[in-house]
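What follows is a group of structures, each given as structure tokens.
One chain, chain A, links the two complexes that follow: it is found with chain B in the first and with chain C in the second.
Moving on, here comes the complex of A and B:
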């Protein structure tokens, strides 16, 4: 009896929080006071583990949060050590530990340079670049003899403090750096900055369309990932009292850092530290017992392979998932709940479109885009009147999605102009366009799968400022607005569900709410009615009408003709990359060019009329 | 002028060896989207196998190629079954880490078996060369170039004129589609990995007659091979060949005109510059990366 209640008490979230805090506190006390240990080799292990933990904690920001795997994190320990060593040998009167901040700043600046590279390359290409970067830094350390003394390395002065202090200054300096690094990581995770980084990890292209200025975010993330690592590197170099290119820029160091991050759990606050305090003792054991070298390679290589296969998420996330599973056993999830669109009449029946202002919100002039020899968009021109629901229709492959990509900035046109409210925007980045009031959804929904529904809706950014980076990720007024939008699309019951767990149709609704968070003037919808059930299609139509009545302009691509005819006016018809016809639904349905290129000769026989209720036809998603 | 032509001759010959070794790397990426960071280590392993056959059985490296290729094929298949199979479909960074782990294990294991000292296979043709007026052509390199042409030609025929080759190409273009029309993608992947590693059998065998090697040199080789496939376009076989020739000539030119330390840096600079300016490489095509994910 008592065991059962004891176990269930252990599963209580508050109890777990207490236990976690207790464990962290105990671990922190043990680590801080470790130099009291009589064993010099144990002291050495802990000092090295601290260096590794700072490296791992830094890597966590770019690998765990931002999603860029780097095999060159060890280089920043080396760069920090070299900066410290070079300054210490040039200025023998200054205590070498004081150079740590400069070492950190230099490392951060070089890391930002590496971050610039991510502007063009992602995924596998980036990993390759990091390997090349590490070897290039080593090459510079070897060849730049006047400064680095080449392969011979640099010898630092021995510590000038009294003997009884022993390793305490090294140790405490590293403890402080680890604490600072963890504080920064914790702070990043709970700000807009961290949310943006996670959005980049989940889907960088999409992040741009909701206003996340990815290059700046990544640049700052790379700087942050190396700042304290460079500082720790300079302390480490002083501790060893010797730095050389082979020891400092070994790829094994980077491998140990990656191992620590993955083993402990990437994206968690304490995981990388836990990983480092597991890996470093193993490393020392391998060195002491097998004389390092080959055995160490086999052990860590094997460990890496096993980890990737057996425990890819790492210790902390796996443990958390297990606890969560035990706790939620027997409770009913939301996944089976029906979404009933008729719960609440959404749009008042008399939702009338706003009176036309006569102004043009968006204008596309002579747009061209080709992929190799394929002219996907070929001299395309059309306008979207302010306050309208404009449709862009046309056969598959006629260039509709490419036009969307050109308007939202996912691609840049080869030629032509795009004007929003008279302002040229065709060379602007996706996020600048989002900030100017263009929001878009995707044909196949692209939510941030690992975030909750609420986080997804809060993620969009209406503008960019440095101050904003430090704001809370889910702050009061924004959360309230997001909940309002979720209520509006009828998805508030799912606010805490993981976005990846939703059905396709539900994701479409959440993506609409997400775009609305931008307060866009113009919303681009790519097949809003594609692949979802008839009731949901009706709901989507109601939502669009309701938003339009409040003044939002829409441009949508859709194949469901009854849906388009019932909702949109005017219609632009695209074929072979150019607009071949435009006008009201009535005109379009009778236009021989359109019938020939898209609708087909027998379309008129079953043409829907605007006056009757919209017959909803289930169609295959294109 | 003579020195320019000489540089070109040597560069193209070295490039032929690089092409032979890079063809497997680009094939594996093309079919499985796996960047095999263990490729350099496999090459060194093949070199050590050749070395053992030569020292213990007196086998000429050229004659040992079929044996080494067969052994490497088996090792490739085994590594696929033991490791790669489990990480296919995982995030690309996970597969990179797995193959990096394999490289470390191989490096350590080779150190245990053959030691960490510089090794070379010395044959009658190692230092011989043909002279053509003021120019010279090292014999070992000439033989290597011929073998490279043979193996790459064979690979080309296999890919384009056999059912297996069609299955491999189908799986590389559209995995789901290949499955639907009855291609066992898992077997094709295993076969591709094994073939990719087997081509290193020939590459490693010839490497052992030209360059000194030790377990740790695999980093230098993987850097060079990555530079080649990145330059040519990841996944493109003609691209890899072109990239290999460019890098070969570039390294020779750097040695001649800049100094002996520079060839080391050439691959790294090439990787960084190419991936920043033209990520798809010379012959690669950019994948459609947009709303239709």
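Moving on, here comes the complex of A and C:
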């Protein structure tokens, strides 16, 4: 502690930040001033690397943040180049560099068309579609002769600026575009928009249930990913002074862009740029030494294989992980300590359920859902009274979770109606249902594993508006509310931990805090007490009562009978996909049907088997 | 049978286990309890080889298996039933159970015999052998996982929260399954949040907190230890919100 060696000082986070900034600054200065280099071929390499870096930085938004790998990113360089070239030949009096913004907008609009495809496909299918898209664009460029001049290509006028300027205008234009692209990427990561994109990458289905309108997010992401790429393309086309379909829409360009992103590090700000400035020189070297063509393909294929084996996460994330590992070596990690129930204020003990309003908040009518020949939900009908804590119990396989999936919109029913406040919602998207006030947790937690705990809790969105997209991802009042909720579930010490590193029970608690952030009218809890320490189960019961006292309605699936009996009224019992019994806890516990199907004949003779220490007789009489 | 000595391990953000010592013998059932995130599941991961300890030793029948790969540990007769999502969703129940015998797949007669034995033990899965595991409910999946873990006739079975997601009726099946395992001379090391359920079945209780073993002893004595009960097993409910008792208690930390 008293003597700090040089090595440990290097590990100091503040020092690291300083070093990182210094490195970025030096790299930026070198890149900006590069045309001072006497070597024309080196200048050329840097210009190409800049184009590649802009392409990679754009792809980072859809691949790094949103999780869609695209092999058509190179097409947007080509589209930008074509737009610039077409306009430059039609309007010879205008400086061609000025067309860049239009080229960018056109590329962005076409990219959004590609984004529409993500409605229906993801994963490998999407990658193949992007390849097809690339060839389709190339086909248009070849066949639309009146505009594109077909395979002969378009020749642009040579630059009309004074000779001593050399490559400076091209170079500086690309540097500015790269700076803009990086600024946009940095900004997106810090907004609700970026948070939503990462939520989509981590778990698109779950993102819907916390109110993220995935299709709109993805369209905007695709647009953003191509905007500056199109602009860079038009500068690039002018720099080459010749644009043709074969050169512009080569799949090699797209492959180089993907390689840059993966090599540098997906989802990091500077990774794709670093990757581009490594890949482009290697590409030029391969071109010069092996005469291009197929030898180059072998090199890049081999490089990709090596990358996946040695550096699957890319350079920057690997370096960061190594540093973190060295720093935390031998230190004590966060681990769960006892939770003395009395060292934190519990929810007000006098929480009383709200007076029954007599209204029905949720009604399920004649719901059906089959998987193959298996009728998981078979003519299921029940109601959830407004202001109640309703339980849905039943044996394993009786369809409880499927009913939850149908209510929250994760699945669509084959038949039947779901009404929230009298409004039919069974055909609405999950996020619309979330915006109407339905929040849910999952039996097996579905947190966004790569986000921090705090980010997970602030991720839910109560409504959708374009303005909201630009708001800070972790803004003041929301962060304060989120920390309050984390404090309540006893997880505030973990706020900056990666959610994926938490234990099962801890994830359960964070997911509860997350759904509360939506401030829903109706909360669906799927086994809230499963895997949770008994002390916390009791605290969770208190929390549910407190929220209920403020008017939140609950529907919960749970096997912990003492917990259910102490907390819920009414209870609906599900068996073989339909409700077989319903009523108050007293009625349910005596119902022979329920004893037979669910509790077991020995239920009353034996102490409650999944016991927290609430003996049934001591339950809250309210 | 299985013995941990000063095991230190973590996931690369500091150590979660801070030197864990524990022992479970043949025919015994050790049940680890403690707060969420105390490192209970991490102990199981260290034993099964999914996580490499940075210090300490893990001995199986006296043999040092510290840092061995999961398949090497499996080959020595240790199987694990994970906390969640351990089944191949697109394979049938039968295929999933047979996957438990993958390393002995050449010994067909043995595999067939074990398969029949295992099915007998778990009547709940008997009439579902042709169903894809993705179409099973959470509790049914658990049953299949148990069945699969016994296909290798292991010496030691690691159970991570066996009661999770099971309905009250099915819980008795775990009782039976565990009783069968013990009767066949297997050691069981189990993590369980449902403390009473776990300790009732167990022979020894292991209380963990903050990555250390705080206390071990016969399950009954752990269960009835008033201080432990108060601190870990929902004391607030046990003695309903009596702030004076808690305030008067000597601090145990």
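Things to note:
In this text, the second predicted complex is superposed on the first by the 555 of 622 C-alpha atoms of A that agree within 3 Å, B and C clash if a C-alpha of one lies under 4 Å from a C-alpha of the other, contacts with A are read in each partner's own complex, and residues count from 1 in each chain.
Going forward, a residue touches a chain if its C-beta (ideal position, glycine included) is under 8 Å from a C-beta of that chain, and two chains touch if they have at least 3 such contacts.
Owing to the predicted nature of the structure, the values given are computational and were not obtained by experimental measurement.
Of the two partner chains placed by superposition, A:412 touches none, neither chain B nor chain C.
Contact with neither chain B nor chain C is seen for A:20 once the two complexes are overlaid on the shared chain. Once the two complexes are laid over each other on the shared chain, residue contacts for A:123 go to chain B alone; chain C is not touched.
When the shared chain is aligned, chain B and chain C each come close enough to touch A:372.
In the superposition on chain A, contact is made by A:443 with both chain B and chain C. Of the two partner chains placed by superposition, only chain C is touched by A:321; chain B is not. Of the two partner chains placed by the overlay, only chain B lies in contact with A:303; chain C stays clear of it.
Of the two partner chains placed by superposition, chain B and chain C are both touched by A:401. Shared contact residues of chain A, touching chain B in one structure and chain C in the other: 371-372, 401, 443-444. Put simply, chain A touches chain B in their complex at residues 63, 69, 71, 117, 119-121, 123-129, 131-133, 135-136, 139, 142-143, 205, 251-252, 255, 258, 262, 293-305, 307-309, 312, 371-372, 401-402, 404-405, 410-411, 442-444, 446, 526. Contacts from chain A toward chain C in the complex involve residues 321, 324-325, 328, 330-342, 346, 349, 371-372, 374, 393-398, 401, 443-444, 494, 497-498, 501-506, 509, 527, 530-538, 559, 561, 598-600, 603, 608-614, 618. By the touch criterion given at the top, residues 10-16, 18, 34-41, 83-85, 131, 135-140, 161, 163-172, 193-197, 209-211, 231-238, 240-241, 243, 246-247, 253 of chain C touch chain A in their complex. Residue ranges on chain B touching chain A, taken from their complex, read 29, 33, 35, 37, 83, 86-87, 90, 92-98, 100-109, 111-112, 116, 215, 219, 222-223, 226-227, 230, 234, 261, 264-265, 267-269, 271-272, 275-277, 279, 285, 288-293.
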